[in-house]
Structures are given as structure tokens and as C-alpha cells.
Amino acid sequence: GTGSDPAAQEVQPVSGGTLVYASGDAEPACLDPHVGGNYPQALVASQYLESLFTKDEDGKIIPWLAESTEVSEDGLARTITLREGISFTDGTKLTAEAIKANIEHLQDPNTASSTGYLAVGKVVDIEVIDELTAKLKLSAPDNALLESLSMPWTAIESPKALERDQATNCASPVGTGPFKVESWEHQQAVNLVRNEDYVLPVENAERTDDLAYLDAITWRFIPEAATRYAALQSGEVDVIDNAQPDTIATASKDDALGHLDAPRPGASNRIELNSAKAPFDDQRVREAFIRSVDANAGISSLFFDTTKRSYSLLSSVEPLGYSDESLFTTDVAKANALLDEAGWSERDAEGYRVKDGKRLSLTFPVSTNQSVPAEQSLFEQFQAQAKAVGFEVKIELLDLSSWYGALAKHEYNLVSAPYTKVGPSVLRILYHSNSTVPAPSGYFANNAQVKDEKLDEILTQAEETSDEAERAKLYEQAQKIVLEGYYVLPLYDQQNHFLYGKNVHGVGATTAVSSPIYYDTFITK
Amino acid sequence: MSEQAMITVRDLSVSFGTTAAVKNISFTVVPGRCLALVGESGSGKSVTARSLLGLSGGTVSATELSVCGQNALALPDRSWQQIRGNSVSMILQDALMALDPLRPVGREIGDALKVHAKLPKSERTQRVLQVLESVRMPEPERRAKQRSTELSGGMRQRALIAQALAGNPQVVIADEATTALDSALTALVLSQLRELKEQGRGVLMISHDLAQVAHLADDIAVMRHGEIVEAGTTEQILGNPQHEYTRQLLRAVPSGVPRFTALSAASKPLTAPLPNQPVDADPALSVTQLSKAFGKHQAVEEISFELPRGKTLGIVGESGSGKTTTARMVLGLQMPDDGRVQLLGEHFAPAHESQRRMLREQMGAIYQNPLGSFDPRYSVGQLLTDALSRGTSKRAAEYRKTVAELLEQVELSTDLLGRNPRELSGGQRQRLAIARALAPKPSVLVLDEPVSALDVSIQATVLDLLDRIQLETGTSYLFISHDLSVIEHMSDAVAVMNQGRIIEQGATAQVFGAPQQEYTKLLLSAMPRLR
Amino acid sequence: MSRTARVLCAAFIALWLLIALAPSVLAPGDPLAINPVEAFQKPGAAHLFGTDESGRDIYTRVIHGARDSLSIGLAATGLGMGLAIILGTVAALSPRWCDEIILRVLEALYAIPSLLMALLIIAFTGPGVGPAIVAVGLSTAPGYARLVRSQIRLLKNSEMLEAATVLGRGTWLLVRNHLVPNALKPLLALVTLGIGQAVIWAAALSFLGLGTPPPAPEWGAMLSAGRTYLHFAWWMSLFPGLAIVFVAAGATMIGRALGAKARAL
Amino acid sequence: MGTIAWAGRKAGGALVVLWLVATTIFIAIRLIPGDPAEAIMGGPGSQASAEALAAARAEYGLDQPLALQYLMYLGKLATLDFGTSYSLKQPVTQIMGEVLPNTLWLSLLALGAAWLLALCFSALAMRVNRVGAVIGNILEIIAAAVPHFWLGAVLIMLFSSVLGWLPAVDNGTAKGLALPVLTLALPLAGFLTQLMRDSLSEAMSSQFALAARARGESKLAVFWRHGLRHAALPALSLTGWAFSSLLSGAVVVEAIFARPGLGRSLLSAVLARDIPMVTGIALFSALVYIVVMAITEGIERAINPAGASS
């Protein structure tokens, strides 16, 4: 993350005080990120749960709760050794049993985990070697395992706490983090208090004391963007997330507020074109759509230049991302030619193209929970631009569960589904043909419905190779295939902007998935 | 007038905008005497009364207006509040409307005390009961807790008087305090006003009926169009009226005037011959053993009477005696518990509505408040066309001639055709109602208090009209009223009702000349008479 | 109603009819035409009401949005009224047990929060103009129905009806000539009030993301899009908001004038 | 009608209404597309397996015939068992217990504030001159015509962002309630004033008002003792309705001001097809509506015993 705290150097940390955090996300149904596994859960869980690994400032994966790790020659066994002297906030000691219990918890169908479940998909067995060492047996080599284990969705919880029933665990998950969950008043706030027994796993020269500065964090949910910003301005809250582009632009002019821009890792924000269904089963039509829209002007005005246009499948924080701008330049003439060529040559009274009496119509379910207003407006602009070449785009604004429902029933031609994961292995989850087949759970991540045997092979190899250069080359090939097949229209990084008040300091540290940690944060009066 | 005048008015004028309601009138109110302001509706009586309390609502000017020694022309509202209800109090015209229907009357009366006498609550309650007793309110404690809607007309009027008396005022203004009351109650109220006078208070009494004031007033001022046309002592005015208008008012009083004698000079002379009625024909209306109870309350009990063709049967009785209930049963609007009604010898009630629909045209009805019986969306012409066309049309041109004839019959101008009944005067409305009732050429008209809402002069013209129509068409009237003088003037035969029963019936002269029942005698003795 | 008031009302209605039926007369532009470069322009000569986040002209959108918003208001009120007249008349004229049943049903309709009803309907049909009409119409019907019922009951016992009965009118003539026309009169005033409230209602549904789908220039949708930028581009929500207030207040005013007339009758 | 008979009738009617509401909800929710079992497992896009869904169906009795389900549903409701929320996995009564007081408070305060504002508007209209009355008139019409969500946003901008006087979001203090209450109350006050205005001016120009003046009461006293009573009646008879509309308005206001409450639960429950939650909310709010109706009717009876019997 890139914190831009104006006066970070001069201010001496002070202990005490309660930070009020205002989240624009829907209130999670469960505070345990194992269950389901979405970003709002990661944001709050980053304060009380810790992972085995994390990312350092250069983007390298380093051990956190783990002390060290080793992989077997064939890549099918991964040994993890834990640090000594760390305890959960319920008093349970952190041991190898915890690793076993947590991964089993993720894999238990009753947990209904999705993100974490996929991340540990290749682990077939966990063997506890000694008190602090566990050995993970894998079905195939997995060079993304450490990345997977650095995410909050695979964070380590107290095995004793996991034995409780799910509702209880959801309300008060127990971890090793700098804070712990004290109470959860539904619809109001999650109250976090400092973990007075916190042990910082990795030495930090700047800290004399392992404890967090803040006494407590009040984690509130304020869905209205304008209200959230007003509350920050009037000092009622200290930090807000999902900051709207216009407010970020205003705040950056105004020294009173600090801004943290922490783009999420994994996939970029992009529109996927459902290639399993007419009319996008025809690559020409896909290209025609992509060529017909002009994202740049809209992104610049709607996002007030707080983000850059992306031409890549991967987030800009992923070093292995590959981008090709030429594939996405707007070219209305070409779009028209492609559509004529594909047989969509006639137009109806309203100016939409038709073929065999059918209108060139696209369904675009948009989740109001995942797409901020600026993004919805961008989609409306696409709608208008695509109309000029004869596409009818039907935007359906849906709540999250209806949106999932529309995807599950394949009722979409266009969709924008964010996916956060550490490392390029996200490409396998998003574009491997296996991901088009709904898992027993009914969920699939390959929304573009890319089914390409060569791509499948490359993605599998890329994950199994132990050669870094080879891995990079394979991922580049894979990205080329997807981009050149016009399955995807990349837009920008997954936005992750935070604004904070002027007496809030020490904001900037984030987890591997760019969710901020308020361990170093303190409030001055 | 030797005593110190309580109220002196000289050249008082009140105007609303450009229209002057009261013009240059002068009078004084003296302790121990009663001045009566008499005049037709709209002559400015109430406006005069209100301006004596600074509540006229219009622009007031006068060379002198002194109330209890204060110059009332330049009195701030605070000082007015001291005078109102304390030195001068007023009994408002409409007893039903002058008491808040949402508050117990005891509180309304108590408010007068709250403003003026700083009495503790218990004493105030005591005083309220005391005043209520002094006006002879039955069961004062219970009544004080009731709202005006739960009281009968007479009780309301008494509550209103009590309210005016609560502050122990030196001058009482009674605005139409006896209008719309039956004769027994009128007598009671008049006696209470007399008592006030005898206690040495000044009384200003307002009425449109000279007969009502005759026995109480010491002086009378006759008003017309906002001016006092004649003033003098009661003996002077009644005995030797100088002004034509005063004479007209005196003539309009129906008591003692024989049938078919015009009460109003404006009426057409009643010359048409009475059509011959076949003697052996069935009576127009025959009622046998009619009874009706509301819950436990027996409103009408086994009454029987007969109405011969071309004649008028008057039904008289005090308020609540069951007159309206009888009329409604006769009209087939209320199912009798027992008994039967025959119209022109044919069975009429009780029956199913569809069975008697054919007979309906033979019987019409006139109500006290004609406006309520008109569809508010219809104009005069439409109402009559609707009646003539049997409800199939309200505009058909083919009835234009008949409509004009009807209007002529009730002495209304055809200029009124396009007007809404709301834009007519009370007398005109009642004429319209009569015209509509006459449209199907009925044999019988049931008239329930047809003139009770009208002032004497208008009442006179309507009664004359009814007389003439009976002479011309031979329609039979079932004429219901609480006003003995009207009944005496209009009826061939009279039935006296009391508590749901007919206690006495017979020819008018017989009943009024030689009443048999104690109750009838009592009623007649209370009847105000000029002649 | 005074002459000036009548002229004003007529002009008001005529203006909105013109706007709803032929928006292009007043706003020749395309309400859907985007121009990202001109996004967030302040109100000025080029754009009377400014532009929105996609550079669409807000004036054009407000004018073209009148049709959707007004037709929701009118159709929903019409639906509510239609139901109300039937239910209310039947309840008032039928025997007591039937009256009681209808009353309880109306009360139940009332007791379910109207938003819940709207949500259920929209969950059933999906969002759009039609469902919004049904939702708003259904939730207003019980109120009107109660009024129709009490009016007719009042009239049923009026002297006016007795007089007509005495004149020999049958049931059908009574209902047709006197009951229904007179019962509807005071309702007329309420209906105009209701139109304004229905427009607001529809806007609230849009706010909750349940109204007409984008990019339709429906006022509620514009308002709810604009409120995100309240700090930055006040004009985006001011003008659609004013349009709603203007229509609702205008309807209220007309309703009041009619109400005053009905009372005078 | 005696008070006891009246209360008895009310209670009987209330039960019928509750039953009708329960039935309506039962039918409506089954008409909505989507499998309730999926809702139990976390929404239409849930990742529940077929077995898990079947298990859920069996657990919640969703595999039974519809008629039987209906009877079971009524039976449970009759024993005041509202079940467990599908999405929050907590007893509905417990959730309602948490959120209902918030919304009730908000709505009641808003109702009170609306009445107070309406009284002030009316009293002002009595005293000021013609121009003032016209301005007041326009203001009150506009107040009745503003959408809640817009008003809320504007109030926040004005009082929190620009002036900084009042908090934008709920903070548990009375001050935090000010803006939400105002947002709900202003439109309602406009509406109530409109209802009160005519009967108020009628009462103030009536004979009994004149009578009161004639016995020496001041204009203000007449306003308080007589005018208000008459003005309140028509508005009072619509208070039950107003309260019901406040509950709907609360959804919007709670969303804007980030207040916990029935409104937000309702929205999310319907979106998540959370049948027990929707039923619970519907029945609770119907109950509240019935109680408020009964109270206002009681007040009406007290003010006007003659009129309330019809």
C-alpha cells in the first residue's frame, strides 16, 4: 500500500483511543472469513486474524505465523513450521494442530467456504509432525500455495473455537491478531478491542512494545457513500472505505484528510463476455463489442483520475501481469464491419442489429454491492456507446444474491465479477475450463466461459513448475490467449480507497490482499 | 328611561367591505328593562349584537358606543375580554352550533369563570352546577359532563343561557334564544329571561317574531335592511304600529288567523275554488296502530289517524314526541314494528320497496332543511327535470315547459333555473322543494316542520303558498310542526302527540278551543299569542 | 376556486401534459446521449441544468423523464382508485358480514408496510415501471377504499337519498345518479394529492434500486444517482428533485382547490 | 358501544387482520421465484450442494405439501414461534427485539415531531398576516412533497458537512437522532398540516368559537381549547396510516443515516428471501400498526365520543 500520511514522520505514536471505521460494504453475515470468503470479511478479519504467510513491501511472500517452510522435491508435500510462543485470544496455544484444524474447516462442506476452499483445493491431507510442524500433502504441485495461505480467507483460527457451532464462531471468531472481537451488534457495529497478549510474529525495530496503539476499533457499516463522507468530514468517524472518486479528488486537494490507495491483488476489474452463449460465442461479435466502447474518457471523468486504465487481466500489483493496449483501442468502423461479417447486418426500427429476426441483445446483470456508482455509470456509458453500433445492452441492477442467482443460471452475456487472490494463479481459477463446470457447490468462477485446452494445459503447468522464469513465461502465454480471444474487457484495478481524518496516523500497513491493518495506527487529539 | 344606561348606541354603522349591514342605528339598554330588536332575517340584528361585544368582524363607526361606561370604539382587545362575559354576555343565535360539540358543556360554562373569576377548581364546578340549576337544567351534574350533541335542543338552549349567566353579567344579549324551540321550552326560556330582567339586569332580546317578544319586551325596535324603522314601547308598537313594515310583521304571525287567509301582503289572493272531493272515496292516508321502538325506547306507540282527501291534518307535539318518526314510517322510509299505512285505500307500508314503487308518485315529502334533500350537483332546473323525468334525465329539453309551470306555481322566477340551490334564500329553497314534490302530481304531501327554519315573514309567504296549492290541486297535507300557531292556522284537524302517543285528536277549532287533555292545555297555555 | 387559481391549474396541467406527451418540443436533445468529456458541467448557457456524470444533459433528461414518472403517478393512482371504488362501494352497500370482511382485508392491506408490499411485488416480477405502478397502486388502494366506503355510507343515510326514494327511484338509479357521483367528488381532491405521493413513492423505489432500470431518465433514478455526488455536483440531484416537488406540490395545490370546491358543495 | 365491547371487537378484528397478513405473506413469498432452501443456505447464488439443500428442505418442512406447510406455519405463529432467520441464523424474535425498539423510537419520535411541527405551522398560520400565510402554505405543501431520501441527503450536507452542528450517523445520543427524525417528520408534518388546516379554520370561524370569544376568552385560548380539538380529528384519523407510512419511510432513513432498525432488516430480508424474517417483520409491524390504530381511535373516542362510533 501507499500511505500518504502528510505528517507521519513528526508525530509521536500515542497509545489509547478508539478508532471508528465506517465501511460502505454490506454487513457480513459471518465474521469468520472461512465462511464464504469475500473482501468485506477480509477487511475486518485482518484486525483479529493472522495468516501463516504474508507479503512484504516488495511483494514477496514471507512467513508470518509460520517460521519456515519447505517443499518436497516432487512438489507434493509442503512442510510448515510455526513460530513458538504465540497464543490465540482464547488462550489456546498456536500449534500444528491448528493448521490441520483450519484447513479441514475450510474443506468441510458445512463451512460453505468458497474463496478459502478453492485456495487450499490441492491439499489432500495434513499430517501433524510435531507440536509446531505440519506436513501438507498435495494432489499436484502448487507453487501458489504460500500465496494462497497468505490471504485472510485462510487465516488461522483457534481450533478450540472452531469446534463451536457455526453461528457462534461467526459472531466471535478467535485468532491471534492485534485486536479481538468483543461484540457484534447487528446492523450497528462490530466492536474490536486490543489483544493485550499480542505477540508480534516478526520482529519490528520501530516497536518497543508488541501491543497495538489503539484501545479499540468500532467497525461500523454506513452504506450511503455521501453519509459516510459527511461523517468523516464532521469527525464522527476516523476512517472510511469505498471512498467515492469525487470525494477522493476533493480530499486530496484538502490537507485535512489522508488517502490510502491500496489496489487489490489478483484480477483487475474487468467485464467478462460470456462466450458460451450467443451472440458472444462468436469471437467477431466479442471483438466488435470491445471495439465499440470507449472506456478511457469515462474512466478519467468518472474516477477523477484516481485510477489508471488497465489493459491486463491482472492487478497492477501482480508482477506477472501482461497487458496489450492495442487490443482494446476503440474502433467503431471495425466493430461495424465485424458485426456485418458475423451476419448481424440488418437493423430494426430502434437501430439495433438483428439476425434471423433476433435482436443483438446483451444482458448485463450488475451487482449494486460490488459495483460502485461510478462503475455503474461507466457501464451505462458502454450501453450508450454499444447502442451506436447496434448492440442493445440491458443493465439489470441486482442485489448480491440475485446477482449470484443470475450467474448461476447463466442469465448473462456480460458480467463484472471482481476476484481477489494473491498471485497469478488466480488465472487458473478464472479461466481454466474446469471452472466453467459448476462445482458441487454450484459456483463457477470462469464467467467468460473460456474453454481452451491449450490454455488449460498452460495454466496447470504454470502452477506446477518450480522454475520462476518458466512460470512467468507460461502465465504470459496464458494471458495472451485470453486477451486475444476477446473474452475480457479490462477496466482498472480493483479499487480499494480509504480516506482518514487528520488526527489519524500510521495508516498504510496492509495484508497480502491489500486490506489495511490498524496495528500501527494511532489517534492524536 | 331615567336609570343609568348600560349600553348607549348612537348612529352605529357596521359594514363588511362595501356593503353596510347596519346603518346609523341608535338605542340604549337600561338595567331592569328589556329591549327587543325585531326584524326579518338579514336585517342586521346579529351584527348589531356582536358589535356591542367588539366581535362584529366588520368596520364599526358610531358617534357614541359606550358599553358599561367605557368607550367601546377605542377599546383594546384585553379590555374587551374583561367586558365580555363579565359585564355583557351574549346567548348566541344557534344553540346547536354555539357549544363546542367536542367539549362537555360544564367545561364550556366553566371557561367563562376561568377567564374572569380566579376561583379554585372545586368552587368553579360548584358555580357551574349552580348556574345550571338556576336555568332548571334537569340532572345538572350528569348534563355538565355531557357534550352538546348529547343534549336535546331545549337543554342546549338552557346550557347556553347558563353559560351567559355564569359570569353574572349586568347586560344579557339573547339572540333568537327561543327560535326553533317548542312552545313549552319557549315559555320556559322567556320566563328565565324575565327573571333576569327582574333581577335588575339589562336584556337585549333579538327575534324575528313579534309574538315571541310581546310578553317580555318593554321596548321594541323594528329593524329592516340595517336600519331601525320604528322604535317605541311594546304597547305602542303592538297596539299602534306606525310603519308599514311593522304592520307587515304583525300580520305575518299565524296564530289566530283562520285558514286560507293570506298572512303576507305579497301573496297572491287565494281565490281558486276548492275542487270537489268525492265524499265516499277512500281517505288519502290512513294509519292504524303504528308503533316503532328504538332499542328500549318506544318512539311511536300505536297511533292511528286518517287524513281525508284535500284536507290538512296537523300533528303537533314537543320535541322528541315522535313526529318525525311517524312521518318517516308513513313515507315508507322506516319499517314500523307494528301497524299499517294505507295510501288512497291501497296498502303502502310495511311493504317491500318494489311493491309500492308505483304508489310512490302519490305521496311527496317536504323537509325542514330542503338543502339536504337536494343532490348538491344539480341546479334548480336539473332538480325539477330529474323529478319530472323520473330520474332518467336531468337535462331533457322536453320538460322545459312543465318546469316553468312548476316554478310559476310556487312563485319562483325562471331566472333561477341555472342556479344551484345553495345560492337561493331559505324561502326560495323551500319553494323549490315544494315544486319538486309537486312534480309527480301527488295526492298527499308529508310536510315535516316545513317552515321551522324560516323567519316569520318568509314563513308567512310559504304558508300562503301551501294554502293556495291545496286550493288549486286538492292535495292532502300531513303537516307536522312543533309550532302551535302554525298548526292552528294550517290544519283542518289536529293530532297532539306526547311521548310517542297521540293523546288527543279532533277538529282544529275543537282542540284549540276546548282541549280535553291536561297536556294539551299546558301546551296551549304556553303558546305565545298576539291576538 | 378563484379564476386565477383555475387558470393556473389549467396551465399547470397543460404544461405537464405537453412535457409528458411531446418532450422533444421543449427539449429537442437525446436524453440518453452521453459525452464523458463534458461530465459534471455546472448549470450554464450550454446546459441549463448542467450535465451528469456521463455528460448527459440534465435538462433534457428531466423533461424526458416526465413521462415515466408521471405515468407511474397517474397509473398507480388510477389503479388504486379503481380498486377502491369497487371495494368501497361493495363494502358500503353489502350486508354487515360482507362489509366486515372487506374492512378486515383493507386493514390487512394497510397493516403490511407499503414498502414490504412493494418489495414483495418487485421480488416477484423484477423491477420496472409496471411493477412500480402495481406496488404503489396496491398500497394506496386501501386508503381510498375506506374513504369511498365511508362516503357512500354517509350518503346512503342522507336526506338527499331519502328524498329520491320518496320520489320513487329504484336502487340502480340511486347508485348511478346520486351515490357514486357524490361519493367520488371529495375523493377527487385526495386523488390529486395521491398522484404527487405516488411520484414520490416511485422515486423511493428507485432509490432502493427497485425502480426503472438504467439508463431511463426516471426522476427517482436520477435523484438517487445524483445524491452520490451531492457534495460535488449538487445540480445533479437538485433539478430532478425540484421536478418531483413541483409535480407533487402542483398536484396537491389542484387537489386542495378541488377539495375546497367539494366542501363548498 | 361500551368501552369493553369496543376493546373486545378491536382485539377480535386484530386477530383476523394478523391472520390475513400472515396468509398474504405466506402466499406472496411462495410466489416469488427462487428456492427457499437456497435462501436458507445463503441466497440464490449459494454454493450449497444438492444434499445440503435437501437436508435444509427437510429441516424446515419445505418438502411437505403446501397446505400442510401452511398449517404448520400458522400453528407455529399461534404459539408465537417465528422461527430462525435464514440469513442471520438467529431466532427472529431475538433479532426483532434488537431492531424493533430502534425503529419504534425513530417512528414515534418522528410522529411526535411531525405533530408538533404541524401544530406550529397551524398556529403560525392563525397569527401571521396574509403574506405570511401564503408563504407558510407554500412551505407546507413543499414539505409534504419532498422525498425522504433527498431530504435526508440535503439535511446531512447542510447540518453535518457544512455547519457541523449535528452528527450525520447514529451515535447513540439524542443528537444523533435529530436529523433522521427531522427527515421523517418534515414531510409528514406538511401532510398533517394540510389535513388540519381546513377543519382548523372552520372551527375558528364557527359559532362556538364566537361564543368563546363572547364570554371573554382570548383568540389564543380559543385556538388551544377549541380550534385544536377540531383540527386534530381528521389528522388523528389518519395517524394510523401515517405511522404505517413512517415504517416504510424508516427503511430509507435508516439506510441513509446508517441506523440499525426494522427498515434495513426488512430490505435485506426480502432480498435474501428470508421467509421467517419477512413474516416476523410483517407481523410485528402489522401489530404495531394495529396498536397505534387502536390508540388513535381511543383518543378519537375521547375527543369525540359521538363521531367515533361509526
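Labels A, B, C and D are assigned to the chains in the order they are written; within every chain, residues are numbered from 1.
Heads up, the rule we're going with is that a residue touches a chain if its C-beta (ideal position, glycine included) is under 8 Å from a C-beta of that chain, and two chains touch if they have at least 3 such contacts.
Keep in mind that what you see is a predicted model, and the values were worked out from it rather than measured.
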Chain pair showing more contacts of the two, B-C and B-D: B-D
Most central chain, Cα average position: D
Whole-Å gap between the CA centroids of subunit B and subunit D: 49
For subunit C paired with subunit D, centre-to-centre distance based on mean C-alpha positions, whole Å: 20
Length of the line joining the C-alpha centres of subunit A and subunit D, rounded to whole Å: 40
Multi-chain contact sites of subunit A, meaning residues that touch two or more partners: 226, 229-230, 399
Touching two or more other chains - residues of subunit D: 153, 157, 161, 255, 271, 273
Where subunit C touches two or more other chains, by residue: 227, 230-231
Parts of subunit C lying in touch with subunit A, wherever the complex brings them together: 32-34, 36-37, 39-40, 53-55, 126-127, 209, 213-215, 225, 227-233
Residues of subunit A that touch subunit D when the two form their complex: 22, 26, 29, 36, 109-110, 112, 114, 166-167, 170, 185-188, 220-224, 226-231, 233-234, 236-237, 399-405, 407-408, 439-443
Subunit C residues touching subunit B - in the complex, by the definition given at the top: 158-160, 162-170, 173, 177-178, 181-182, 185, 264-265
Subunit D-facing residues of subunit B, complex: 50, 53, 55, 77, 81-86, 89-90, 92-94, 97-103, 108, 111-112, 115-116, 147, 149-150, 160, 163-164, 166-167
Contact set on subunit D toward subunit A in their complex: 34, 38, 41-50, 52, 87-90, 95, 98-99, 153, 156-157, 160-161, 164, 167-171, 255-258, 260-261, 264-265, 268, 271-273
